Structures are given as C-alpha cells and as structure tokens.
Amino acid sequence: MSEQTLHHPANLGHHFDTLDQQHSANVLGMWVFLATEVLLFGGLFLAYFVYRTVYHDAFVEGSHHHNIVLGATNTAILIVSSLMMALAVRSAQTNNRRALVLFLALTMVFGLSFLGIKAVEYKEAFDTHQVPGALFQYEGERPELARQVEMFSLLYFAMTGTHAIHMLIGLSIVGFILYRSWRGKYNAAYYTPVELGGLYWHFIDIIWVFLFPLLYLYGRHVAVGG
Amino acid sequence: MATITLPRREHYLNISYGVRSWLLTTDHKRIAILYLITVTIAFALGGLAATLIRLELLTPEANLVSSDDYNKLFTAHGVVMIFFFLIPAIPAVLGNFLVPIMIGARDLAFPRLNLMSWYVFVIAVGLGIYALLTGGVDTGWTFYTPYSTSWANTRVVPVLIAGFIAGFSSIMTAVNFIVTIHKMRAPGMTWFRLPLFIWSMYATSLVIILATPVLGIALMMLLVERVLRVGFFDPALGGDPLLFQHLFWFYSHPAVYIMILPGMAVQSELIANFSRKSIFGYKFVAFASVGIAVFGFLVWGHHMFVSGQSVHAGLMFSILSFLVAIPSAVKVFNWTATLYKGSISLQTPMLYAIGFIGLFTIGGLTGLFLASLATDVHLTDTYFIVAHFHYVMVGATVMAYLGGIHYWWPKMTGRMYPEGPARASALLIFIGFALTFVPQFILGYLGMPRRYHVYVPEFQVLNVMSTAGASVLALGYALPVFYLLASLWTGKSAPANPWGASGLEWETSSPPPTFNFERTPVVVAGPYYFRGPITEQPPAKTTVQEPGGEVH
Amino acid sequence: MPGIPIMPPQASTMAWRVDAVFFALSGLSLFFTLLVFTLVIYFAIKYRRKSENEVPEVIHGDNRLELAWTFIPLGLALAMFAWSGIEYINLNNPPANSMEIYVIGRQWMWKIIHPDGQEEINQLHVPLGRPVKLTMTSQDVIHDFFIPAFRVKADTVPGRYQTMWFEPTQVGEYHIFCAEYCGTQHSGMIGTIYVMEPSAYEQWLASGGRTQAQNAPQISPAQAGELQFATLGCAACHRPEGGGPAPSLVGVYNSDVKLEGGQTVKADDTYLRESILAPAAKIVAGYPNIMQSYQGRVSNEQLDQLLAYIKAQAPAAPSGSGR
C-alpha cells in the first residue's frame, strides 16, 4: 500500500494536489458542517431556555417524569461509545485493521443500546400519557400547569427526537465505515472517512451531554432536598 | 515538446455530450450551468406571479383574482423568488463557476457534494412549485404563527418541507466554498491577492452556515405544531408567537445579506475591471464584507419593532441596524472612488454595475428609515418596506446578477452576446425599476399596507404608475433571455479575455478546459493588476485564445 | 381628485414629530444619493476609456478618506438613532391622563370597547385633543392596528396585551388598516376613526353610539352562524354554488351523503358536528381530505350557531341569497 500512496494515490481526488491537502480539506468541511448542526440544535435550545424561564415550575415538574436511571445509563453508554470511536480512529492510524473493525462494531453496539433504551423510555412516556398532543394527560397536583408541562414534554420529544435522528444517521455512517474497514479500505496513510465519522459521532455525543442535564436533572435538587 | 494542433480545442462543454454527461457531472462549471437553468425557470415563475399581482392592483377592487388567490400569489412570489432564485442565484451559478477558477483550483473541494446540492435544490424547487401550483399557500413567505399553524387551510406543509430542503442545498454549497477557499488556492494566491468576489462569497458562505440551520429548525417546529397540534408558538397551545418571529428573522435577516453580499461580490469585479483600476481601499472593502456578515447577525429584531418586543430591545436593535449600514456605505464610496482616474468602458456589464450603485444606494439609505425606530413604526408592513427590500434584493442583486452573467457569459459559453440589445435591457431595467418602486415608497408613506388585495381608492393613481413601470421592468428582464440564448448559435467566438480584464479566469481559455487550467497557475501579482498577466507564464507556451488548441 | 397624493394627513401630536425624523432622513438620503450619482456620472464621462490598451495609474486607496467616509456617516447615523429613539420612547409612553379603550382584533374585524362598555365594530370615535390609550389583543392570529394619519401602529398578538396611544389634533375621519397579514380578508379588515369635537363626542356618547348598541337588532343563531361561516373561512371551500374544494352545504341537512368507500350516511346533527370537529372521520366521496379539525377552535355556542346556519339552508333555497 505504501507504493500506492507514493506516486499515484488511488484515494486522491483529481482536484487535489496531495493527500494532506485532501485530508485537511475534508476535516475542515466536517467542522464547518458541525457548526451548522450546532445552530440547528441551537434553535431548540433557545426555545427550551425561553420556556424554561417562563414556565419554571412546570419544567421542574416535567423533568421529574423522566427516568433518571435510564437517562444516566444512556449517558454512560454514549460516552463509552465515543471512547470506542476514538479508539477506532487510533487503530486506523496505527494500521491495525482488526482493532479498527472491532472498535467500530463496539461503537455500533453501544449506539444501538442507546436507541434501545431510548425506545423503552418513549414507550414508558406513551403509557403514562406524557406524549404531547391528543394523548397528553396531566395527573400532577397543579392542574394549571398542564399546558406548561405539555410544553416541556414537547421540547423533550423534539430535542431527544432530533438527537435520535442524528444517532440513526451516525449509525449508518459508522456501519458504512465498518463495512469498508472490513474490506481493508483504510490504513495509516488514508483514514479520513474514519476520522470524519468519528467527529460526527463525538458531536452527537456532546449534544446528548447537554440534553441529559437539561431534560432529566433540571430542578432535581429540589426533590432530593425535600 | 511535442504538440499536435487539433481542429477543435477540447473544453468543458464539448468534452462529452448527452443528458447523462450533464446529470452525472461533477464539474463545477457544468453544475453552474445546471443551476443557471433551474434558477432562470424559478425567476420566470416568480415573475409571473408578480405580473398577476401588479395587474390585480391596477384597480382598488378585486377584478382579476379572488382574495385567497391573491394571497397565494404573493406567497408564491415571495417563496419562489427568495428561496429558489435570490438565495441560490449568484452563489450557485456565478460562484460555482468562478470560485475554483478565480483561486486557481481544478474544482471545488467536494465535487460530488456540489452535484448533490443541485439535486437537493431541484427536489426542493419541484416540491415547492408542485405545492404552489396544486392548491397553493396563503401564509406569506414569512409563515407567521399562529396563522400558518392553526388557521391557514392551504398547503403549508409541503412548502415548509421545500424550504427546509432548499436550506440543505445552500449549506452544501457554502461548506464547499469555505473549504475550497481555505484549502485549494493556487501557489502564490494569498488571502490578500484574492479577488473581492471571493471575499464576498466567503462572507456569504459563513452567513449561510450559521443562519440556515436556524431557519431549518424553526420550519420543522412549525411543521410539528401544524401537523400534531402541539404548541411551540400558538398561544392557544401554550406557545409564544414571538419566539417564531425571533427564530425566523435570526435567519431571514442574515438571508438578506446572503442575497446582497454576492451582488457586492460581482459589483467589485465589474467596477474594477471596467475602469481597469485596483479597487480603491481593497482591504476596507474586504473587511466590510466580513463586517456586514457579522453585524448582520445582530439586527434581526428590527423586523419586530411593532410586534410587542420591549422598548429596550428595540433601542438595541435599532442602533445595531444603523451600524450595519456603515460597511455598506463604505463599499459604495470605495466603488465610486475606484472610478476616479480610471479608464472607464461603458460596456453592458459596467452599465449594470453603475445601475447597481444607483439602486443599492437608494435601497440602503431607505433602510435607515426602517432602522430608525419612530419612522419604522409608521412605515413597517407598508409598501415602503416592499419598495425598500425590492431595491436591495431585486434592484441591486438582480442588477449584479445580470451584470455578472453578461460579464462572464463569454467565459461560460465561449460566445459574445450582442452589445446593442444588452445595453437596452440594462437601461430598461434601471428605468423600469425606478418607475415601479418609487411610487411604492410614496404609497407606503401614505400608509398603504402590504399584502392588500383591495385598497382604498386614493391609492389608485400610484398603483397604476407602479404597474406601468413594472411592464417596462418585465420587458427589461425578458430581453436577455432571448438575445443570450440566440448568442449561443449566432454569437461571435469569445477570446480568452474579451474585456482586457484582470483575474485568473481571464488567463484560461473561453470556455475553460474541464480542469480549468492547462497547468496549475502560479500567482505572482495581486488582484486587479492590468499591466500584464497575474500568473507566472510558462516560457514557451503562448496564445491560449487561438481557435485550435494544444494537446501534449 | 386632483394630482397624486404624497403625504398622509398629520392628525396627531406625534405625526409631525415622526415626520420631522422622516424628512431629516429623506434630506440626508437625498444628499448622499445625489453625491454618489453625480460623482459616478461625472467620473464615467470624464475618465471614459480613450483607447483599448489604456491602463490608468494605480491608486490603492487613501486611509484618511476611508476614515472620513466611515466616521462621518457613523456620526450622522448615531445622531439619527438617538433622535428617532427618543421619539420612539415617546410613542411608547402614554400620558397619565389618557382615556383607555380596548381593541380586539379577529378575522376580519376590529372590535372596540369603550370604558363604559359601549362597543363599536370597525369604527372608533374619539374626542379631539385628548390622549387615548389603546389596550389591544387578538382572538385568533396576529393582526396590526395601524392609523397612518396618527403615525402609530402596533401588532395585536393573541395571548398578549399591547398598548399604543395617540392624541388627535384634527377633526376628521381617518383610516384604520390591519397591517399584519391575517388571512383571506386581510385587506378588508379596515375601519374608520372619527375624531370629533369634545362636545360632539359627548353628544355621540350620550345618544348616538349608545342607542345604536342598545337598539341593535337581536340576531338569530342562524345569522350568527352565517357570520361564523364566513369568518372561520368555511365559505372559501364550502361554496354555496358548489365547485369548491369541498362540497356545498346548501341543503345538506338530513340528506344522504355518499362517503368515500361507498357507504352512505344521513347528515344529521351528530354527523355535521363530527365533520366540523373531526373532518377526517368520514370523507365525502369525490372530495379530498383537506379540512382540518376545528376541535378546540370553536366554542360549543359557535358550533350550535354553525349547525343552525347549515340547517337553515333549505334544499330549495335559491343559492343562499335573499336572507
């Protein structure tokens, strides 16, 4: 493979001069794209902060309806999956194809577990009428908060739903890279797609790290302290 | 050096033929042509809606169309012109064609992404136009809630999706431009040797990257609210309609700069090259672009001075809106000063450029009336606004777009257009534009609200004047379609540099080869240098503009 | 009517103050426009290209000039901001002795409620020389109460109260426009404001206005339903003569309706009610399922009125007219 990279690299686009140039262009492209993703979630975060300010009590109450154990488990799972992804990139850099395949597969396993737990949570929300819209029922002590709690759960579903869609996209990307790694397409000289997939995966992870406290932990200390 | 002279030089247009070779191309120049065709169709459809609107407004009563149809017409006009014409026009057509050539690259950084952006755009346009033709939407292009979510009985959903998808297309183009400009400049092409076209495209791309996703999510929230009847924005469902306006204008004000910055990009090229002068105050103009891009993000609240936002917020947004006018003024002064002691040729592109200065100056200055709080209260939501944004977005941007199309037409097609009809169309557009929109400034000051199907009789005289002007304008816009198309068959062959202009694009043949240059150029001079080529010329090679070409 | 109108009447205390800012900005704009136009045209003629190969001397710029044309416009802009901002604050600070009137916007009319409970539709009577403060909201979508002659305007937002104020300075009749797009009849949502001499206003208050309200004929539920039918936008699709995107409702009551899928159902109260609240439940054959639910958007009273109106449209009635 080294002779491949020396003179006429197969992986080099016709419009680039060197692999280095191509690699740094690709990475910059991904970062720029992630900037738009941040702003996409930004709209939802803005809505969340506006309504949390206005409907404070309802948001404290709404965040109590969600299962903190499942949420925390999911957070841990996602962080571990990010570690797997980072190790996968490392394996590609060190030319270790077997480790690359293994870590990518583990990334997917953890990613799928996350979605599985998420599905359990969604089902629970359906069963307890936490879903905004026609099915929503409020059973708390302050009926005047019903509409506001519904707003919280709307934001919960909008934010975690948008995140879940990104997870699905991320899983397809990782799946594709896994397939290509298994076919031996990546090596220490050319691993750009692995790195890009990794950037995207870490981004999804970071979004969740913000979502978790906002949606599960807001006002928790009130409950714990009595 | 064994060279064989072929009877025909190979370039990007004749290297392959057939529909497939176009629909599967990754050549930025061919994609630019695909975009050119698509946005021209969109412009024609949007123009048709405008024609019907102006005809209906000839009389105060409803004669031509019903109120519902009128509301659908102005919505269609706005949606098509903004999302499907103005936003993509200059970046996706001229930008796509020129960004790689101007910096000496063989293509954009992500050619397949570039093609995908066109397909995504076509899907958006198709969906949008399908929805507008089969039922239509009557929310206005602003989609204000709760009307759009709870009350409108029209095809809001597909149009929202179309807007969302169109956003992806812009984002793909913008990512491509940013990475290309950063990473793919030819040797010697330093940042301050970049043509101002590139600076403005770069600024535009930044705005697209940061603003478009916010519109995307706002449209999706609207969609969820409308389809599932759960409230983000409708007060009846616990939401706040002003939140939508904030999210919407956080994109849609910068979107104005997405539309005008590319116009300024073209403008700088035209002014410099047709007066054969370096742009006066190059760095000031370059940083003015970036300044506009940055300040443009902080002024969205000036659309909401009468919406119930607090007085303090109003004051903040007002002062910021006054500030954003300054870089625009700096640009106008610099363009004017560039003409000083130049060698000015009044060929068609320059006529458009001078028209641009005129219309943009008026458009920009009338913007101050709307940045200014007390006058905005009276003028907002009236025809004054309509006239103002048409001056900026249509007057200036379309002037620049057409100027650019004429200027680079020989490069894009290898043919010269006829000078006579081209000058006539530039003149018709300028005059028609003033006749159409000056009466609307007065109508707005008199208090005629926008989006009015019927109006009180005292406004009729000015409306008739405006419609009369619009017919001149329509003629001016239609004319180029005919003579430009005709020039493809009847036009003279274009030399590599028909204008005596400066820039990398003029140092390759017309039309350029698929990879833009025979060999990677090495840039040795700054932009707008007219005393010789700006690239290091290979010693033995000469004349690229001969009809026959050379192949090694 | 001679000539072209160029200026709206100045009929409030704020009108000339806003106009002063307007004319100052116009003056500045005119100056800069003429400056730029003159220079461009002068340069274009004076420095026109003499020969094809002419290359003029290189001028890169001049920092003093750049600073001048950055900071002079900046100073002017800040001055205009301050002046206009002060007037805006004035526009937002109603005098303490203002009389208070409530305004409710809804598709597509303005309902005005005077402090003593007197109501007007699309009309507002106010006395000369007394500040009036409007407290405004909307029942449905966003509207905007705009009086050009007074240079005031404010959105009426559902779920919020907005205020604005004015002090009329000229007796006369002036337009009220809805300036925020609100649906089909947006351009019909207009009214008139009557500025009266204080004595005439007292008289109006004591007699005319009140008697009008009291003697207003009681309208039947069917007539109220007809109004609902128009304002809710039903009439846009359910056209009496048919041919719209939805079936005509003339004579539908108690008739047999053929549904998508072949069944037939009798159009009784229950069916009509369901069709308004859950239109997708039963789709009339040959019409698309495009109607949205009015659940939560019409009160029971409104629903009864709508039903009364639909029932009143007898099968033989000559296309809904004559009532």
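For clarity, chains are labelled A, B and C in written order, and residue numbers in each chain start from 1.
One rule holds for everything that comes next: a contact is a pair of C-beta atoms (placed from the backbone, for glycine too) under 8 Å apart; a residue touches a chain by one contact, two chains touch by 3 or more.
Every value quoted in this text rests on a predicted model; they were computed, and no experiment measured them.
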item: Furthest chain, CA centroid comparison against chain A; value: C
item: Centre-most chain [mean C-alpha coordinates]; value: B
item: Chain A and chain C: spacing of chain centres that average the CA atoms, whole Å; value: 45
item: Geometric centre distance via CA averages, chain B-chain A, whole Å; value: 35
item: Mean-CA-position distance for chain C and chain B (Å); value: 31
item: Two or more partner chains touched - positions in chain B; value: 229, 240
item: Touching two or more other chains - residues of chain A; value: none
item: Interface hub residues of chain C, defined as touching at least two other chains; value: none
item: For the chain C and chain B complex, residues of the former touching the latter; value: 1, 4-8, 17-18, 21-22, 25, 28-29, 32-33, 36-37, 39-40, 43-44, 47-50, 52-62, 65-66, 69-70, 73-74, 77-78, 80-81, 84-85, 87-92, 107, 140-142, 144, 146, 148-149, 151-155, 157-160, 162, 175, 177-188, 190, 233, 236-237, 245, 290-293, 296-297
item: Touching residues on chain B, where the partner in the complex is chain C; value: 67-68, 71, 135, 138-140, 142, 144, 146-147, 150-153, 229, 235-236, 240-242, 275-278, 280-284, 305-308, 311, 314-315, 318-319, 322-323, 325-326, 329-330, 332-334, 336-337, 339-346, 354, 357-358, 361-362, 365-366, 368-369, 371-375, 377-378, 380-382, 442, 445-456, 458-459, 461-462, 465, 500, 530-531
item: Interfacial residue positions of chain A with respect to chain B in the complex; value: 13-17, 21, 24-26, 28-29, 32-33, 35-37, 39-44, 46-47, 50-51, 54, 132-134, 147-148, 150-151, 154, 158, 162
item: Chain B residues within the chain A interface of the complex; value: 100, 105-111, 171, 174-176, 178-180, 182-184, 209-214, 216-218, 221, 224, 228-232, 237-240, 243, 246-247, 515, 520
